[in-house]
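Consider the two complexes below, in which subunit A is the common component and subunit B and subunit C are the respective partners.
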Partner chain A sequence: MNIDVNLPALIIVVPLFSAMFMVAAGVFYRKIVPFIFQFVSFLTAYFSFLLLFRVYKTGPVRYFFGNWAPPLGIEYYVDYTNILFVVIIASVFFIMSFYFPKIVNNEIDEGKTYIFYSITTLFITGLLGITITGDLFNIYVFTEISSITAYALIAIGGTKKSYRSSFNYLILGTIGASFVVLGIGYLYMATGTLNLLDMQQRLVPMYNSKIVVVGAAFIVLGLSMKMALFPLHSWLPGAYSHSPSAISALMSATSTKVMAYVMIRFLYTVFTPKFDVNVIPIQEILFIISLIAILAGSFMAIGQKDIKMMFAYSSVGQIGYILLGATMLSNNGLVGSMYHFLSHAFVKGGLFMVSGIVFYSLSTTKIYDYCGLYKKMPLTSIAFLIFTLSMIGIPLTSGFVSKWYLVVGAIDSGKWIAVFVILLSSLLTAVYFWRVVDNIFFTKSESNNSDVIKEPIAMVIPTYIMAGVTIYFGIFTNDLVAFAQKAAELLMETCK
Partner chain B sequence: MKGHIVLKMATRMMVPFILMFSLYVLAHGEISPGGGFQGGVIFASGFILYGMVFGVEEIYRKIKRKILIFMTAFGVMIYSGVGYITMFNGGLFLEYAKLPGLNMKSGNSMGLLFIEIGVFITVSSVMLLLFIEVSKKYDN
Partner chain C sequence: MIIDFIIGKYNYLAAIILMLIGLYSVIINGNLIKKVIGLNILSTAIILFYISVSKVKDGSAPIYARDVIRYDNPLPHVLMLTAIVVGVSITAVALAIIIKIREYYGTIEEDEMAEIDINEEIVDKK
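Let's turn to the complex of A and B:
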């Protein structure tokens, strides 16, 4: 097999095949499934890094399925933008696969674990598929794969609340997905093609057509729903806070951000910025909505008593940042957006992992119960501190770099209000996170029981790897920024 | 259902034909209406009819639930396995022309049949699983 040629397909097909293999093997011998899971995550991450190097060396890669050429066949199109997203998702999946077994055994019924691992792998397959594909309908199909698995994963915890939030997400997610497919249908009707690059060419003379405008509106609305943009976010807090800890970590790190990536693809590759600015002002509208989302997410997070709920509302705000960078029509804004994708994937994933460790040891998610945690679980508390600093945007963490580029992008495009909002939101982030830090480090717990608890090392090490990545990309920023610049330039080419 | 002799005899006579017909639909998928999905549904409906007349316990006795779950996964594995074979043979994913021992013409026809068999197995076992899960008695 020529691995080098088949890399784009292998990234999808290996987890897809193995997800099924896990079920087939798990029926007869359950204990082997976590090892298959870890091996698959390793393979996926390995292939994604190989593809990254290949794209870095030779430029965008196109892969034709079944060797059918693009307008007819399905194409996987990998350029500088989406390889970055693929690598981040695959590596988050790889790191978390070592965090999974312990907490899964703790929270999921033993009879369901092999199904759980299989569905998780399918979920990641869907997300990787969305990012890597160059075909519109394929994006929809993979969206469905990732959402249907997500509904199952949220409900697998088996509490009443988890059923309710899964159902809530099911309804809203389905509405969002059907808007997306409706929009894709309109565009297909207008152009007769489903290939992203082909559609970009064919749409240019049709920008004033009503069909195209309606299609664009449907797609933007559907995607905003799937990515939990502020007024349409109501499914997200429940879905993140009532799902099993492992799943809230994995989902918060990947799922909504992938939809933000699809939005970037639509704004820049399918519709060029000329359409977004001149025909209907999508950029302007999304710019304002993302500003509102940033502030609203932060404000709602301040009042929460449950730590997972607080993280979830903070995610609503962070999605605003990623979209904000994409709507400013400047290179630096896009760089900031991509950097924030990386930063937030590792930081929010890590924070949910911390809350998972605490839940594993103390079975609580209330912020009040975090009092005096430093005495009981020092390693976990320090990891929490590192992630908090990155969330706020203290220098030497990746959160600082991403916010820096977002601010520079805002200044470049003359949108000073964005600068003000980013700074204000950083302050608000400090307010609601410092409340928890204060509880952990400086408040004594009321009960006298402050013995040191043995922290589960198998879960602490992956958390520290996440923290290490955050700090690494806060200090050694050059390579990634250069790569993201390249990606942004490729996206902005359609501007001219 | 005790004593419904007509129903039982009719079912006994019909089920083999239903199963046979499903294989026919499967095999002619690429040249006429039909294919793996439709064939799979018909195949499962034969068993479901049998289960409705003779009781779900009879199906349990014939097919274990474990095996059904295994088959569900196995069908998808056949589908992507065909893709792996073409990749190992130097082609791209699901490039049927590169299947071992087949050329452009026969490969495209046979390759389609192989993946339809995968779809057939998955669909039929999922349908049966759904029927069994829905008709389960909640006696706890």
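Let's turn to the complex of A and C:
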């Protein structure tokens, strides 16, 4: 078998089958499962990097399943945009797989750990599938794979609240996915095809048809629900804060952002900007909603007492940034959006990892209990500081670069209000994060019990790798920006 | 006019009405099992919608036969097989979670659960 030709399929097939293999292996010998998990994550990351180099060299790759050419067959379409997302998801998965074993042994019942690893692998398979596929119904199926596993993973936390928030997410997520599949049904009714690129061409003469407009409305609404855009975000805080620490780290780094990617795909590839702007003003509406989301997420984060809750509300705001860049119809805005995808995946993932380490050592998630943490856990505290600086957008971190490009994009398209909102929200981010930093570094803990706690090195090292990535992409920006420019140009081609 | 419209598109109308019933019962009911039933009605409505799309005028079932000229479109049927599987697995997960909720709260009514949560918070503060 030639690995190079089948790369797009291998990225999905390897984790999909090894998830099943893990269950079988776990029945006989439980201790081997974490190693299989790490090996699979390594293979996935390796394949995705190989594919990245191939796309970089030769341009977009189209992979036909079973050699059935589209529109008849199913196609995996990998261009500059989604290879970026695939690589980010795969590498976050790879880094976190080394963080997992210790925390999983701590928080999950021993008899369930191998199933936990297997479901996590399936979850990532679903997310990778959504990003890599070029077929609309495939997007729905992979969405459901990733959502159903996500419901199970949240519920595996085993507390009262985690079951309730999992059920909450299940109801809202299923309604959202149903809307998406109904919208896809309308589009299929109009065009008779499910292939992304084919549909783009067939839709052009039908932009004024009511079927297409209704389909677009259903899809945009369903995706907004799945990506927790501001008024529809009510499932997210519970889902992130009551799940096991490892899962909140992995989910916050990947799941809602992948839905934001699907939204970008629909706005630019399936419906061209001509439709979004002229027929029904989707871009305009989403622009305003994402501005509200950014501010509302930041405001709601300020009052939280639980640190995971605070991160979750801040995620609601951050998803607004990603969508904001996509709705400004400018190259730089899209670059900012993609850069923010990377930046936020590593930063928010890292922040949840820090809260996981603190929970592992002190078993608390209250912000109040973070007082005097620097004395107890210096390494963890410094990692937290690095991520905080990146969240606020201080230069030399990736958060600065992404906000820079978002602001430049806003100026390019003459939307000054976006500039104002981005700056204001950075200020608010500083307010609610600095409260925690102040607790960690400058407040003494009341209990006077400030012995240094032995930090779990196996968990601290992956956290620092995440921090390192954040700083690396804050300093050496050229390569990634050039690549994102290419991707943005390819997306914006449909504008002409 | 209106009667022609209803007779011509009654399957789509039924799908939309079913969908609204499903959504309504998900939103309005406090009972978790009834919410899951609502979700099932919603997904059934979508299946009906897709199957309606596949019908071709004067078409026969998509099985090869000599004297048939037109066939129905078989693709939506296949897609809906996947959707049925998805619906079943969502129901399974939902019911499993409900069993656990019942174990921990002793009830599956949403307002009673909210009451329990609020009482616990008050106890925590004291």
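Please note the rule applied: the second predicted complex is superposed on the first by the 496 of 496 C-alpha atoms of A that agree within 3 Å, B and C clash if a C-alpha of one lies under 4 Å from a C-alpha of the other, contacts with A are read in each partner's own complex, and residues count from 1 in each chain.
One rule holds for everything that comes next: a contact is a pair of C-beta atoms (placed from the backbone, for glycine too) under 8 Å apart; a residue touches a chain by one contact, two chains touch by 3 or more.
Please read these numbers as outputs of a predicted model, since none were measured by experiment.
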Based on the shared subunit A superposition, would you classify subunit B and subunit C as clashing or fitting together? fit
Between subunit B and subunit C, whom does A:F65 touch in the aligned arrangement: first, second, both, or neither? first
After the superposition on A, what does A:A152 contact: first (subunit B), second (subunit C), both or neither? second
A:V27 contacts which: subunit B (first), subunit C (second), both, neither? first
With the two complexes superposed on chain A, say which partner A:V181 touches: subunit B (first), subunit C (second), both, or neither. second
Considering only touches as defined above, state whether A:Y207 meets subunit B (first), subunit C (second), both or neither. neither
Which of the two partners, first being subunit B and second being subunit C, lies in contact with A:Y360: first, second, both, or neither? neither
Mind working out whether A:F49 is in touch with subunit B, subunit C, both or neither, as first, second, both or neither? neither
Nearest-approach distance, in Å, of subunit C Cα atoms to those of subunit B in the combined model: 9
In the complex, go through subunit C and note every residue touching subunit A. 19, 23, 26, 32, 35, 39, 42-43, 46, 49-50, 53, 75-76, 79, 82-83, 86, 89-90, 93-94, 96-98, 100-101, 104-105, 113, 117
Per the touch rule above, subunit B residues touching subunit A in the complex are 66, 69-70, 72-74, 76-77, 80-81, 83-84, 87-88, 90-97
What part of subunit A is in contact with subunit B in the complex they form? 1-2, 5-6, 9-10, 13, 16-17, 20-24, 27-28, 63-67, 118
For subunit A, which residues count as touching subunit C in their complex? 137, 141, 144, 148, 151-152, 155, 160-161, 163-164, 166-167, 170-171, 174-175, 178, 181-182, 185, 188-189, 194
